[in-house]
Amino acid sequence: MLPQQLINGLMLGSVYSLVAIGFNLIFGVLSLLNFAHAGVLMAGAYTSMVLISKWHLNIFLAMIGAMIFCAVLGMVVELLAFRPIKKEYHLAPLIATIGLNISIEEAAVKIFGATSIPFPKAVDTHILRFGPVQFTYVQILILGTSIILMLALHAFIKRTRLGKAIRATAADFQMAAVLGVSIARINVLTFVVSSALAGAAGVLIGLNFNLVNPYMGASIVLKGFVIILLAGLGNIYGAMYCGVILGMIEVLSVAYLSASYRDAFAFLAMLLILIIRPDGLFGTGSKR
Amino acid sequence: MKTLVMTDVTKAFGGVTAVSNVRLEVEEGRIHGLVGPNGAGKTTLFNLITGVLTPNSGSIQFQGRNLDGLKPHKRTALGICRTYQNIKLFKSATVLDNVMVAMPYRMRSAILQLAIKSPFREIREEKEVRERAGALLDFVGLYEKRNHVASALPFGDQRRLEIARALATKPRLLLLDEPCAGMNQAEKEPMVRLIREIRERQATVIVIEHDMGMICQICDVITVLNFGVVIAQGLPDSIQKDPLVIEAYLGDEKLGYDE
Amino acid sequence: MSYYLQTLLLTIGINMILAFSFYVPFSAGMISLGQAGFMAIGAYTAAMLTLKLGLPFLWAVLAGGCLSGLIGIVTGFPALRIRGVYLMLMTLGLGEAIRVFLLNFEYVGGVSGLSGIPPKTNLTNLYAFIFLLVVIFSRINASQIGRIIEAIRENEEAAQGMGINLTKYKVLTFAGGAFIAGMGGGFYAHYARFIESANFGIGQTLELMIFAIFGGTETLWGPILGTAFLTLLPEWLRPLQEWRMFMYGLVLLAMMVLRPKGVIDKSLVRGVAHKFCGQKKND
């Protein structure tokens, strides 16, 4: 039983990681809590749903399509809610993204209706067994996609010039600007990458729970918020690990404690950890 | 009587020792200079005196009283106040408000008095505080700009506002952290005069500065710090000739008159 | 007055009180996202007192506020050392903890909530309280205490250096916000007549935060008028039918882009005061 729960936790956690990484990336580079992340995630889910049911694409193409759409949507968010506001105002962009998020969600309501829609069957329901644990194809897909995306992100950040520019901007944007980095472009790029990840996460969540609804992103992004604080603000790799940790905590608490406590339990656990280690588990101690 | 006595004060952060076994004695009514290359531990000493940092060992006594464990705001009430190297004004408040807020004001603790509406008493005290604040601003030459927002002030004025604000706390010991940093020679003149006038008003002053010329001009005694250790202490003349001091500065700055 | 208008004004009033409860700690630099939790404490306490003990309405609400304030004091101390985003999380967690506790607390109804609360909230007592809040905080803001709070928000280190007791004022404003949220909860309970823990979740907290920040947190008029505007906005947008909330989101976005400090900021208030009141207070 326990190994299976751990695997389930890993699945869920890896998706949380994707969301948290994107969220933390934007926070690290732009110092912004991007609430529109929720809408983008949801848009990813719905886009892939449309691509699969209307255009009969397979799951891989649908996911890529969703990621592209979300990347573009992310650019729109940056353009409307972030760029026009001067950097010295900290809270205005936050509310602006909340407003934009509301609009995105309501647009989805208008187009698809407010009730939950089942996610189309895109993957066979085979089950693979390895000893005490079993994987469905869906779970393998989720885990595999998450891992691939995170590896790709890692390679991008560490190896490419653009990736290094992002890291530089996150560390010290004034210095980066002096060194010739186009902050405006980096901001857009950050949004593009984050939103693509969010879109992928949306697809995976749709696959996992077999359901999409216009408000699905909100609770997940809220968890993302908790995760990035736990991980250390701006710390991408911390977000990766902590997403998985949260997934584990949730699954285990449902299995061994009580289902109704699930969300609150995650919060409380995070709270306790933060009281002990105020900079987060992987925090660097720098103030943000 | 000695206003401030620091005995064997040591402060370390993790593996880095910021100040080590520092002994410092400041006489009442003097202008005491504190110099040293960047990173020598001067601002750390200020933070230890004001209580923002706690020494790992050693003691600090102010007017004969041990400051051990006393919180920063209580030390201000005793009469210790400082200005900041990187100007920490209350940016979106007015010049006047910046000074008024620093005044030890009996009404502060009378939160209940506010609810029990007695406007008359409050208005009179408020008026007195406002007048005193105005006088302080006049002293530093900022009275005309009293209703300006602090962030709108030019740099030199901001430094003077910091000093006025610190003076509002009625300090016996005033710690000035690089009050002339970033100023050219013309701007430093009025600052020098101001510091002298502060001493006239019976406050003891410790000044951190890099401009040796200025320091030797206004200070009665100078303490030189390097790598957290006191390497020289004495009258300006002897400090200028001290070989240890010259050596400490050769690697970092030229000894002598700053630009 | 029509029932519809009455309901609307009551809703606006309650929201105003809650937005105010966010504004108070915010003016000292603390972003507290736990106000819904304090609201819940006030709501349940007041409701239980009127239901079970038959206490007069105003006393019950006051008791609810005081209990919230007390808990605000207790939780204010650990909040002292936590900054910015971390405080947001801590208070969010606190609010959630309160909500989950109430969800499982059978004595006050647990999952089924609390029903049959007497409808004692009316326009008079509600707006009288709001009026009181405005008057008291106007006086506070114009006084030395107001300057102290502003100083703490602007630069804590310098404020402390100038002799300000950070602990005292931060805990006080935090508890003050909790108290006000508790009062708002008490009024809410006796308006809605039925309360359950779901009423006091993160959605509520975010909503009141939006009201306050949208309105502008530089002055107390921001949360007051911002709340009124945003509560009325969905009504004004009714002709748009299904696109109503879509437009709501866009209005929020547009306003934040156009007026990032909030709709109402200090200079606006000064300008208005100058025009209508002739002599300004400050010289």
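Things worth noting here:
Note that the chains are named A, B and C in the order they appear, and that numbering of residues resets to 1 at the start of each chain.
Here, contacts are C-beta pairs under 8 Å (C-beta built on N, C-alpha and C of every residue); 3 or more make two chains touch, one makes a residue touch a chain.
On a predicted model such as this, the values are computed, not experimentally measured, just so you know.
On a Cα centroid basis, the chain most remote from subunit C in this structure is B. Overall, the chain located most centrally, as judged by its C-alpha mean against the mean of all protein C-alpha atoms, is C. Rounded to a whole number, the gap between the C-alpha centres of subunit A and subunit C is 31 angstrom. Subunit B and subunit C, compared by their mean Cα positions, are separated by 40 Å. Chain geometry summary: the mean Cα position of subunit A and that of subunit B are 49 Å apart. Residue ranges on subunit A touching subunit C, taken from their complex, read 33, 80-81, 84-86, 89, 91-96, 98-107, 109-110, 222, 225-226, 229, 233, 260-261, 263-264, 267-268, 270-271, 274-275, 278, 287-288. Considering their complex, residues 136, 139-140, 143-145, 147-148, 150-151, 154-155, 157-166, 172, 266, 282-283 of subunit C touch subunit B.
The touching residues of subunit B, when paired with subunit C in their complex, are 50, 52, 71-73, 76-77, 81-82, 84, 88-94, 96-98, 100-105, 107-108, 111, 114-115, 117, 122, 126, 129, 146-147, 165-166, 168-169. If you check the complex, the residues on subunit C that touch subunit A are 78, 81-86, 89-90, 92-94, 96-97, 99-100, 103-104, 202, 206, 210, 213-214, 217, 242-243, 245-257, 260-261.
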